[in-house]
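Each structure below appears as structure tokens.
Here chain A shows up in two complexes: once beside chain B, once beside chain C.
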Partner chain A sequence: MMHRIRLGVAGRTIAVLVVLGLAIFPVYWMFVTALSSDEELFSSSSVNILPNFSRFGVFAAALADGQVVTWLLNSLIVAAGTTVLSIGLGIPLGYALSRFTFRGKAAVGLALLFTQMLPEALLVVPLFAMFRRFDLLNSLHGLILADTAFALPVVSLILKGAIDGVPRDLDEAARVDGSRPPTVLARIILPLIAPAIAAAAVIAFFSAWNEYVFAVTFVFDKPLQPASVGVAGFIGEQDTSIQSIMAVGLLFTLPAVAFYLFAQRYVVSGMTAGAVKG
Partner chain B sequence: MGAGTLAGCSSEPQGSSATPQQATITFAASTLGDPGRGPGLQKLIDEYNSSQHVVTVQPASVPYPTFGQTVLTQMGGGEGPDLVRFDMPEFSTAASSGLLEPLDDKIDAQKLKLIPGPDKYLTVDEHRYGVIFENSNYGMFYNKDLIPQAPKTFEEFVQTAKNTTKGDVYGLAFRQTQAEEAGVWQDIFNYVLGFGGDWSDGGKLTIDSPKVIEGLKAYQQLYDANVIPKGADAATFRKMFANGKVGMELNNGGYVTATKSANANLNFSVARIPFPEKKQGALLAPITINANSKHKDAALDFINWLLKPDQQVKLQEVLGASSVATPTERSAESLQKFPFLPVLDELTESGVPQIVKGFGPQTADIRHIVVSQVLAALQGQQDMATAMEKAQKQAEELVGR
Partner chain C sequence: MVFQLVPLLQEVWLSFTKTTLLNPNLNVWVGMANFQSVLANPSFRQTLLTTVIYVAACVVGSVGLGLLVALLLNGRFPGRAVARSLVTVPWAAPGIAVALIATWMFNPQFGILTRTLRGMGIDPGPNGVLNNPQLALGAILVTTIWQLVPFVAVVLLSALQGVPQELVEAAQVDGAGRWMTFRVVTWQVLKPTIGLVAVLMTIWSLRRFELIWLMTRGGPLGSTRTLVIDLYAQAFESKQLGTAAAIGMVGVVIAMIVIIGGRLVANAAAKEA
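After this line comes the complex of A and B, so read on.
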């Protein structure tokens, strides 16, 4: 019996390690590639599994002129701004869709789904014209607005689902005690859907962090560009430094991974919020 | 600003009478993002900036992978960089859409002695919209340590590619993924022209003509022969070439500097592409002024400065084995460093810009149709003749003929 339990534990441990390895390996491989010479990269006779720390200067070179740090800060501002705005607007929208009956409610829901079916490339031209008119081009707040427009439908639908899962009896009890809808939302519902808010925040953050099409088209000045555009700038017409791309790419992924690790304990429970009613 | 300072800006013979006002303008060129050529071009821009105190040129940061699409979107929306170095398909689209400033009364081709061959492609609807920034002919780059004798015929080319492919070394490399659509177009252009085909006769599309199909079948033959690193993008296989892992590739003269910069010790040379017809693609890249620019005179001043003989020589040195707008002589130093330069220069007479003759503005859309069908054929979903029949039909619907 004990033998069987030990085998079970060993099997699970191995499975976890394999899955963990699969998840971490791409990032590790980026690191190894960044520290490899051209010769090592293209030699099939000597595959480099271990990083060559003597070439660590590639990271120092990438950070040397301060551009990468500026790009990362810009990305952080855009992603954080998009997250805050999406959640701030998504909560009342999700609440309204979940709890109120109003004319055109079904159409609003459909419209939110419809926006998710349109590729960014299709919207970039009309949005550009609109942003130009409102003087929103070449600014981080303009980018935050554009990214929010894309993140908000997903965020509000996630939050609607989560609010649907909160028993209406709680709302009614609070109403009987004299609370108005904003108070019910703030004091009763929000604490209960906190995990779903965390999940939606992660989605909004990642969507803005990785966004490229709006960023490359709407922002002209290099000091205002986010890291997604900065990394693409390392790909030249005739020549590309693979090591530099990997080094900067790695630096680009780390803040996003850090944010995910911070929020992941909420995400897991948040993903199932709203799945079961009552 | 005093006249003395303005005199530093480019002067009379180019035909522009306007004096630039104090301005900072932006210049978008994918060359600026090249690790090999970017610093050289930046140095040249810095030289212009320090030569006077009226106009300041700043590089516009537009990454190469989405360069054309991004700049066209910005220009279509009434913005965009003041100066743009375009590739021909995007140039044709921009010019025919009224996004570029006409330069008819601002550029005197005869006075400037612009090289007429490539220059004639810069006129759209009888108006000039640019000046050649770079004219780069396509040749066969080969590693002399792997391939001591360059192949002279297509059969030898195939055989050499097969013989060189061993272990982690490939005989040849070319682009073959949809992600590199523009690059695939450049690559297949050489095969189509080299086998006597063309995408149109100037008035009618000829995408499904026997000669076009023959050229594309030759391209497919090499793909099927497993002599290329399949899936590798240009950035990767160019690094492989620079590191002796690829024997041959068809590329433009602009690549010479990048190769040398990636590996100064690489023993390589360039020869004419060994296909039946002596015709090959040419990468023409004009410098243009954005019609939305608020500082057109300042932008023109930079162009005029760039067209001066001294600057043309410097620009050519930066660009490697490319030609520039006016005739320049290769320095003894350059010829010693790259003895094959005359081979590339001689190709100008047989160079064809990578646009569909008579359908310049629609080239980017036709390119998408053709490349999608060619790649579907490479992946075995259809034969090449069927692929081109489909492409012809779709392209005809697109252009309405």
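After this line comes the complex of A and C, so read on.
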């Protein structure tokens, strides 16, 4: 019997429900708020705690707003681009770190760990100067580069950890049979580390979908802004109705949460295997 | 690499110059002047204190509550798999969305948390919790910890799966009570993971930006101004890149101390075990 808090089944169930309630309540509250009428929101006497499904049209209205769709599409482009780029670079990097000895290998590994602790807010200043020089400001591909710079260390550490777990005998046997490293990587190793790639991809996608500092600093034109900047712009906003603000917030939140819950098994194993050690 | 290490070196260089955002070519070398002015500024000491309080509370709160949640979810109860998934929702929710809903829940007139506080007899004042210098940091802490607990819980839950059952049973056969069993068996297995998570939480809360920036911008009266908020405000509001870079260097030094300290503690714990 593993150690756990001493409670009867009923007590434990109640405690779990309380914890779940606390975990989910704010997201639920976005939903309830989006579906409330003005009277329900701004009445001083009572609080409406159940969603009013007859007002579901608020979501359709939010999606009918072209700007909201543009934000979400921009986020999708940036997150997908970041995922592809960081996996594409992270696989060879992780493979090299796991299988080859080369000059400065220890330094590369240390640098990867070190960059994990740098705050975005610290690098945003020199990156801004650098992007201005290379004309990368105000563009989605510039944002993809910046987000990749932050996703790549985690991604390559996760992939290195996964490749470390593949027995060397397997690829050495293939090498003896005359296969070159790229073939070994593609034929032998990649299929075996598919779950780790999935984990790394989800983490890269998330970090770019949720990223705010670079997005708000490097992109000025409204049509190019991703949803994180768009949604953040609503905070403290007086002119837009709180219902549509919450509807847009939910449209931004739900894909991330749904995607995460779907891929959770891989994310958790990936994070504990690779990133946590950083 | 290019996008992290080159900027970092540039940041070091910037911290010794008087560069502004509007005139980036004016990199006049000023030596230690930025550091002197930053360190001599009493409001910077307030920023450091706020950062320490924020980070310490985040680490203690998220690790403590995360451990409780992990132990709770480790037991047997109906719907366990679903509960284990759903409990991670805060961690999956984007920080921006969290700032958005938290700001609404703390709304001075209509926020449900403001109403709850009033119901409990705590009046945050007419401008609400986020504009109250005594309460704003607490509100930010509650929000941050809410978001961090699921991650800690999930990692500790997977560490709990590694607790050898034989040892637990042996301890119980030897007459150890629940608490004693926890201390001699479970805690020993969890210790390295807890150390790891604590270091990670320290780094994450040192880095934490968007939640604080969007909820309070470091206000009211600088009561929620942590290092990264100060840094960003100096760079993009006061447009003093040199000063911002100097603040950043202080942050990097603190982070390095945490990392190296964390490693030493982890190594010492590994040797002891």
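Everything below uses one rule, namely that the second predicted complex is superposed on the first by the 203 of 278 C-alpha atoms of A that agree within 3 Å, B and C clash if a C-alpha of one lies under 4 Å from a C-alpha of the other, contacts with A are read in each partner's own complex, and residues count from 1 in each chain.
In this section, a contact is a pair of C-beta atoms (placed from the backbone, for glycine too) under 8 Å apart; a residue touches a chain by one contact, two chains touch by 3 or more.
On a predicted model such as this, the values are computed, not experimentally measured, just so you know.
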Chain B versus chain C as contact partner of A:220, first or second or both or neither: first
First, second, both or neither for A:141, with chain B first and chain C second: neither
Partner chain(s) touched by A:105 [first = chain B, second = chain C, both, neither]: neither
Partner chain in contact with A:168 - chain B first, chain C second, else both or neither: neither
First (chain B), second (chain C), both or neither touched by A:115: second
First (chain B), second (chain C), both or neither touched by A:41: both
First (chain B), second (chain C), both or neither touched by A:24: second
Chain B versus chain C as contact partner of A:124, first or second or both or neither: both
In the superposition, chain B vs chain C on chain A residues touched: C
Partner chain in contact with A:241 - chain B first, chain C second, else both or neither: first
Chain B and chain C contact sites that coincide on chain A, given as residue numbers: 41-42, 44, 124-125, 129, 132, 212-213, 217, 232, 234-236, 242
Chain A partner contacts - residues on chain B that touch it in the complex: 26, 30-31, 33-38, 60-66, 70, 73-74, 76-79, 81, 167-168, 235-236, 238-240, 242-243, 245, 254-255, 257-258, 261-263
Chain A partner contacts - residues on chain C that touch it in the complex: 1-8, 10-11, 14, 24, 68-69, 71-78, 83, 85-105, 109-110, 112, 115, 146, 150-151, 154-155, 158, 160-161, 163, 165, 168-169, 172, 178, 181-182, 185-186, 196-197, 200, 203, 206-207, 209-210, 214-215, 228-229, 231-232, 235-236, 241, 244-245, 248, 251-252, 255, 258-259
Complex contact set, residues of chain A against chain B: 38-39, 41-45, 124-125, 128-129, 132, 137, 212-213, 216-217, 220-222, 225, 229, 232-242
Chain A to chain C touching residues, read off their complex: 1-7, 9, 12-13, 15-16, 19-20, 22-24, 26-27, 29-30, 33, 41-42, 44, 47, 108, 111, 114-127, 129-130, 132, 145-146, 148-150, 153, 206, 209-210, 212-213, 217, 228, 231-232, 234-236, 242, 245-246, 249-250, 252-253, 256-257, 260-261, 264, 268, 271-272, 276-277
